[in-house]
Amino acid sequence: MSHPLEITNLVKRFGGLTATDDVSFHIEQGQSVGLIGPNGAGKTTIFSQIMGELRQNSGTIRLYGEDIGDLSTPARIRRGVSRTYQVPRPFGDMSVVENIRVGLMPDSIWKMITQGPDRDREIELALSVGFSENDLNRRPDELSMGDLRKLEMARTMATGPSVMLLDEVFAGLTKGEISQIGELIQQMRRDGMTFLIVSHDLGALEPLIDRAIAINYGSKIAEGAYADVISDPNVRSSYLGVA
Amino acid sequence: MGLRWYHFAMWAGFIALMYAMPELVSKGTLRTFIFANFLAVFAISWDVLSGRTGYISFGHPFLIGIGAYTTAILTKRFDVAIEISIPIAVVVTMIASTLFILPALRIRGSYFALVTLAFMELIYQLVQVIRPDLTGGTRGMSGIQTLTRGAVNGYYMSLSLMLAVAISMWLLMRTRVGTALSAIGMSEDSVLGSGLSTTRLKLFAFLTGAFVAGLGGAFYVHYLGSIAPRALFDINFVFTIIVAALIGGSSTIIGPMVGAFFLTYLLEYLRPYLPGAERYFIYGGIALLLYMYQPKGIYHIVMQAWERFKPGKSA
Amino acid sequence: MTQIIIQGLLLSGLYALIAMGFTLIFSIGRVLNLAYGAYLLIGGYVYFYFAQMMGMPKLVGVLLAVIVGAAMGLAKYRMIVKPLKGDHVAIEISTLILAIVLQSGVILAFGDSSKILLPIIPGVERLAGATIPYSNLLAAIVSWAILISLYFFVNKTHTGRAMQAVSMDAKGAAISGIDSDRINMITWGISGALGALAGVFFASYTQLTPSMWVAPLIISVAIVIVGGIGSIIGTLIVAHIIGFMEIIVTAMIAPELRGVFTMVLIIGVLVIRPQGLFGREEL
């Protein structure tokens, strides 16, 4: 039985800096895993390698058993993995529905031309992440940080993933927005989505995950149940002054 | 494609007005209109390639020139029929545009703009030294077969070309591919993150832009009957094309058309006062002010007013 | 052979000077300032106006050119670059428009025809069969002097190091209390002054025409990028590669092909090694 996501001995160097240092882990079907670590630990770098935006120096990345380490980003997305960005990157001159439209597009220029957009699906996705009817034609510069993160979620969901990587989903959000997005993730977990979630807000993260992985200076320092990971002496010292 | 009645009404009204133009204005004005039509074609082409994707080409005359030189050489030196040489010119231009894609895969922003400028400078140097017996060297070529005689016919020809290009690009860019190209200009990473091959999209933009540029260049040289490298591969020409696209309104089709007519008119209006290249002083000054005031162009200013009383306010 | 070496050194020195003002802006703002070419143009014409038409002392002419260049740099930063807040596309396009406006302004004021600048120092020196005009020699000496002082300014003075800090990380620099606006002003001013000075020398090397700015602009941008952004040494090396290549092509292959080789080198390096030959690995 192959896992949705399995990473083995992943290494990424930036010049002299080893940003990912021999990291291995896997996620089981329908599981939600938290990826924690202090600033600069290398969390985002792992996401970028899974998505193929950065090329690993060595190690393998498997999606449902298939080695995707050499595929292009769109090819990986077609196989069912998708991510959100720590800093939302919406299409600035497009409305909420148009942003989602890009996520829904097939990777075929011919189909883009000959088939019109699926407006019902666009609206359905927008509403499912918590936008209201009035928000549909808003532009990113009129949206709050919470709305931008919702938009990022919707566009990511539009690619039809079965494994989602969420980078700092709660950063910059109000309490209300945090619980709204938390609820959305819970809903998707019930529907069988597999998650890897990065968050500095451990309180908000805890109820959303089945277990946690901690990294520091690019290496995995702990893995297991959230409570065990968070009380691990190595993890505690890596967070010293932060938590 | 979400076409509405007022789209048809506006196009029909515009087309009717444009075809009636020879009855309404003098021959001299008509010649101005001919240039505006060609400029609109070039500006639309630039906008498809650069305006949407954000890969700013400062070397657009490179593409136009390849189309123009190909058909000029084929017809004049090898007696190829125009009906054959123009399609060949378009294909050659599209092939040449793939030279642009190479840098566009690796570099972004300012670097790309620079490479395209270098491409234009390179071809300017090349046509003068490589096989001047074919290209006419520094002096260029004259006596190239023309498609039309007289201002009125020239006008109808340029207008038909411009309308064909404008309407087909308008329809194409209304589809999702237009949205995707604009998305590249806003955030290329997110387009990739949406599972779309940006390489393929950029290639599509370049080929489409080159198709229009090659077509426009070929028709233009068969309208003028001559070609001069200094006037063609000229920074002033680059400037005129880009400003037409931007002043009118980038990422639209109407915008570059409006910009082309606005600028051609301005240039013509200034002629009695400033006969030579110094016209660009005022022309550029106005362009700079307009651009700094509203980078999205005249189209955007008008659209904001239009939004207020649009028929059937639904979408 | 000696001829080639001497000519090569002279031309390379000139190119290095032209590129230097550009590298300052490019490394700080990462913007392609197309109007940089216009500094050369304005510098050349200001010198021509005061020193040749008004008959002022040549040194005064050079000084005025430098002052006008610096003022232009400052004005451009204030009026165009700053309001556009780092929007690269908008800055590139508006500096292109500005360059065209200035070019046509020059045509308006001085006409379309080319002008010959009288050499700053008349006379030639003969050395091993090579003829060296004094003003070309002066240009090379001045550019070396400026390069060396710039190198020390950027690396050794407080302001220079602040400039480096802003170029590497504007936010970080702001946190450590550097007034990046002031640093930007200084940089744009110096860049304008250097451009205008280079324009005086460049115009006396070739001739003064309203379109004389395009080729040196492309060459200087290329030198900066090929040399690696922010690397003064890299700029220097590449200026010599291009300078010597042009002289060798002119002398040994064909003078008409001079520009072709330069453009091919630029395109080639940008496509194959976009971070430049000696630069930091990032874009």
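Should a chain be cited, it is by its letter among A, B and C, assigned in written order, with residues numbered from 1 in that chain.
Rule of thumb we're sticking to: a residue touches a chain if its C-beta (ideal position, glycine included) is under 8 Å from a C-beta of that chain, and two chains touch if they have at least 3 such contacts.
Computed from a predicted model, the values in this text were never measured in an experiment.
Student: Centre-to-centre on C-alpha atoms, which chain is most distant from chain A?
Tutor: Between chain A and the rest, the longest centre separation is with C.
Student: Indicate, using Cα centroids, the chain positioned nearest the centre of all protein chains shown.
Tutor: The most central chain, going by mean C-alpha position, is B.
Student: For chain A versus chain B, what separation do you get between their C-alpha means, in angstrom?
Tutor: Centre separation, chain A to chain B: 41 Å.
Student: How far is the middle of chain B from the middle of chain C, if each middle is the mean of its Cα atoms, in Å?
Tutor: 32
Student: Between chain A and chain C, what is the gap in Å from one C-alpha centre to the other?
Tutor: That gives a centre separation of 46 Å.
Student: State the interface residues of chain C toward chain B in the complex, per the touch definition above.
Tutor: Contacts found on chain C: 30-32, 34, 80, 83-84, 87-90, 92-94, 96-101, 103-105, 107-108, 112, 210-211, 214-215, 218, 221-222, 225, 254, 256-257, 259-260, 263-264, 266-267, 270-271, 274, 283.
Student: Provide the residue numbers of chain A that touch chain B in the complex, in ascending order.
Tutor: My answer: residues 51, 53, 72-74, 77-78, 82-83, 85, 89-94, 98, 101-103, 105, 107, 109, 112-117, 155-156, 158-159.
Student: Would you mind writing out the residues of chain B in touch with chain A in their complex?
Tutor: Contacts found on chain B: 1-2, 172, 175-177, 179-180, 182-183, 186-187, 189-197, 200-201, 204, 251.
Student: Hey, which residues of chain B end up touching chain C in the complex?
Tutor: 54, 56, 58, 102-103, 106-111, 113-115, 117-119, 121-122, 125-126, 128-129, 235-236, 238-239, 242-243, 246, 274, 276-281, 283-285, 287-288, 291-292, 295
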